[in-house]
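Consider the two complexes below, in which chain A is the common component and chain B and chain C are the respective partners.
On to the complex of A and B.
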């Protein structure tokens, strides 16, 4: 009798736990001021119509990929329901773990309503796996106070499509007068080089996925970086926190990066009124080069191991991929709150998309500008092997700066050699 | 007779029952991984799929200069950092044991604290101190020790020095505690006798303290060596993923990156781990032989 009671109790307990578990979604992402913030806003929108669903958003910082790989390797144990992946990273996961993610196209998401360049990396054959989130549309961020101190009029540069030789001239003037290098630069990191190469329409990989660094675009970009470095126009930092620190402690007169830097720049009140953002400079002599590029940007994915995947898909679909007044207000809100510009096109009509922003020099309507530049961004081919390529190129570039490699050819060979070794080719 | 046999059998069974949980955990978390590594090591992994390549992972290693360089960095850190740290720990322990009479507890705590502080937290501070425009460079320039800032984190050579300094800062206090215990277990009568014979303090240190501390030094050297062979935290966080440009890449970090970051190649990672374990074992054996023989004399 007692035994039977116990079994009944245990069954009831599992049922209760099971049911309550269905009402809870866990999301892994990073950056409290940006992704975590945006997802919290999305959760609030969803909770208006589904008040009983709890959405827990976990800030995973650095180790998120390692933790996800361990979870996938263990068949889904310990994984959340939803996770954020960088666009350049997701192809590796879709390739290595083909069954790990829920096909959202099959679940009814209409991808024609998203910016096309975001959908490419998450597509494998007829399957599309993610909900595109933010754009990484880039611009050249300049400190107008240092420009003025150097005797330049910022208005002469505002909105101008500059070439890199214009920028070098500008940088030399600012450096001579104020001592500030023009650009903060993550010396261990490939972001800025990527921005420049992508602006030319160049690629790091051939269409078949093999490495291709011997291109005019890449060679010209490397030469430009060497020139910037040799002329003292770069302020080198190592790692993300030092980068933010350099920008918020007046170490450089500007930087080249994406729209998502808005949050970090705004986090320091003293930056108010100082920055203006002009289009990404163009490299001369490369056909197809544009005054626009992209860096970063991420998207949301649902794990097929999730016991609540139907709920997770419903949440992503009904907030991030459906055109309703509520969702429009949500996309409008996260743009203002964090500089997170979504890529769901029907919701790019909110007031903040065109409003002047008083935090910037002469109240520049920065989101309008970034959105305009986004349309010209040449598409970059990531492939599953983007990370080893990125690291190899970044390492070789540093070697070139420090004189370990004398020529561009030598630098490219070093990058190719490291890539092959890491890939075991 | 028979009754005792039953009791004996009961005791046996009870004994096995008591160790069963430990055995189960050992099997699950030690034996099974070790045995399954024999399977992993013969395969090339890529996510969920893998193929048999026999000894291919070892062939790959023989051509992988990044791994070879990483091992060389491990040796470099080992050869400089371990003796330096043991020397410092010994000095500090002797000072604490004899010289400093006041605030002994506070000093001991201050020296030991780095060992129990999270490096992730500390490295944020370290990085601010060591930046090109950081506090350390600024102080040294002000004091006219250097004219141009040192690239503590950006220069291939100085980044290695940074790693050695950080490791020494972190582990000296930890090892000092062992030496303190060792020193306190030496009978003071030996020193008194030496005093009577007219031996100087320095002579006492080298002919009494050091020989009697050999077991502790050996322990310290062996554990530090295997710790350095597994060095991971400092190059991953402080110099940022083995940077600049793999200049502080260590074997353990490269293994981690192959398995969990770049390739999800657990086969290659396992094969490299075998090599690291083998080298660590050889080092431990050599150290025990060298120091052990001296003790026998």
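On to the complex of A and C.
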């Protein structure tokens, strides 16, 4: 009798343990002040209606990809239920591990409610795999104190959709009067060129996946950079830290980058009242070019190997992709708490989205502007081979600036040669 | 001895070169310490005068990271690696050196060959192995693969060469077993070798990054290098807070090295007196 009781108890215990294990979700991401913070807020929202689900958010180093590859190679061992991927990385994972992620379109997520450019990289045929998270909506950041010193009225530029020719004129005036180059430029980095190419709606690869650097968009972008460089409008530095330092020690009269620079700019109190942000300038003569672009940003993915797939999908869908007052408050909260702007369009009307920001010139409501620009960002397909292409183009561009390559054609050939060598073609 | 000879041009040059070398080696430490007191922008600007932001940097560092726990984790892993490493590698080196056999040099050759395999090539097979043993996300997963070190075996074997085999034979005649010869006679006279090996093992494990990064899956198991790496990939990097963590992580290494400096140098020179 006792024995039988024991067996029954053991069975009940196993069942209870099994069920409670079902109620725990693990999420991997990085950056405690940004992604981890945002996910914790989302977990709190979900816990309001699902108090028994525990959501554990683990702060990983950005080398998260190395871990995930190890886990995928080991058939899902050690992997979490949900992980954050950078948008430029995910296409490689979707290509290399086609069955590793849960198709969320099939699970009923309505992607028309997200910024279109975020959905592109996570789409393979009819399948869409991620929940878009933060935007890297870009703008041209300008120092109004230098513009005034050069005899210009910043108000004439506020909110204007400029072309790059307008910007070059502006830059030349500022440089002539104040000696400050217009843009801080990280010369070993591809991001600024990418921002310009993406704003044209151009692609780096053809639909069949082969490299395409001879597009009008790319050639014009490269020519623009050379012109900016030759006219002394770039303040070149090597390395990310030096780039931030150039901006925060008044080396340039501005820079071209994304919304998430707000934190670094605000970290220096002396910047108060000086910056305004205008739409990303447009390249003339390229059909489809917009006054909007993007740099950076990540999205959430659910692993097929997760034993709690259904729960994980339900969590992401009901908090991140559903339009309710609670979720709107959540998106509003993470914008204030972390400067994290989501890309779920129905939830961009909160008070923090429209609030004037006293840190900027004439209290510009910067988040309202970034959110408006975000809707126009052209879709860029990164493709699985984005990283080798990025490195090859960055090296060739540096060579072009240093005079190693004389013409645009030569520069493009050098980039193509390096890409082919790396890809073993 | 005359004053002029003491201050000859050559001597002044030597002192200048040494002083320069000292400045170059000490400067990063100085900068690191000053960095803990500056705001992130001043760290980047290369300001070398202490500022007033130590408290805010410290609060920023402990807000997101459980530093005492990470410190304890790092220390525990490093100390256990040293303890097991000294026992295993010491015995192996002793065996290789003092017990000749036909296979000995071949086995040792194979061991040395494994040194040319880069760690990154072993990551995925090792990950699968530890997943199979259900050891992912444990400190054992970090300690176990680091215990046996071919380099330490090689290094200790070189030093055991200098230990006179005659002493062992004398002990055998007196009736001592092989193991007690090793423990009672060989080990005590090889302290300097053990000290150097301990420092090598400690440093290697204290700084190890890639393998812990891949096998640790939760916040409570993290080590200091992992915490530092995760600080570097934020949209806004808190350089001041980072410097605080760097300082903390350098401390045990400094203490260990300064306290064992004599033995370390003696170990490098060969330890039998």
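Note that in this section the second predicted complex is superposed on the first by the 366 of 425 C-alpha atoms of A that agree within 3 Å, B and C clash if a C-alpha of one lies under 4 Å from a C-alpha of the other, contacts with A are read in each partner's own complex, and residues count from 1 in each chain.
In this text, contacts are C-beta pairs under 8 Å (C-beta built on N, C-alpha and C of every residue); 3 or more make two chains touch, one makes a residue touch a chain.
Because the structure is a prediction, the values reported are computed rather than measured.
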Under the stated touch criterion, which partner chain does A:331 make contact with: chain B (first), chain C (second), both, or neither?
neither
Between chain B (first) and chain C (second), which does A:388 come into contact with in this model arrangement: first, second, both, or neither?
first
Taking the superposition as given, does A:423 touch the first partner, chain B, the second, chain C, both, or neither?
first
Contacts of A:117 with chain B and chain C, given as first, second, both or neither:
neither
Touching A:85, do we find chain B (first), chain C (second), both, or neither?
neither
Is A:244 in contact with chain B, with chain C, with both, or with neither (first, second, both, neither)?
second
Using the touch definition from the top, say if A:97 reaches chain B (first), chain C (second), both or neither.
first
Return first, second, both or neither, reflecting whether A:73 touches chain B, chain C, both chains, or no partner chain.
both
Considering each complex separately, which residues of chain A are in contact with chain B in the first and with chain C in the second?
66, 69-70, 73, 241-242, 245
Provide the residue numbers of chain A that touch chain C in the complex, in ascending order.
30-34, 36, 56, 58-63, 66-67, 69-71, 73-74, 77-78, 80, 241-242, 244-245, 248-249, 260, 263-264, 267-268, 296, 339
Listed in rising order, chain B residues that touch chain A in their complex are 44, 46-48, 60, 63-66, 124, 127-128, 131-133, 153-156, 239-241, 243-246, 256, 258-266, 268
What does chain C use to touch chain A in their complex?
39-41, 44-45, 64-65, 123-124, 127-128, 131, 136-137, 210, 213-215, 217-219, 226, 229-230, 232-237, 239
Okay, in this complex, where on chain A does chain B touch?
65-66, 69-70, 72-73, 95-99, 187-188, 236-239, 241-242, 245, 251, 387-388, 391, 394-396, 398-399, 402, 417-418, 421-424
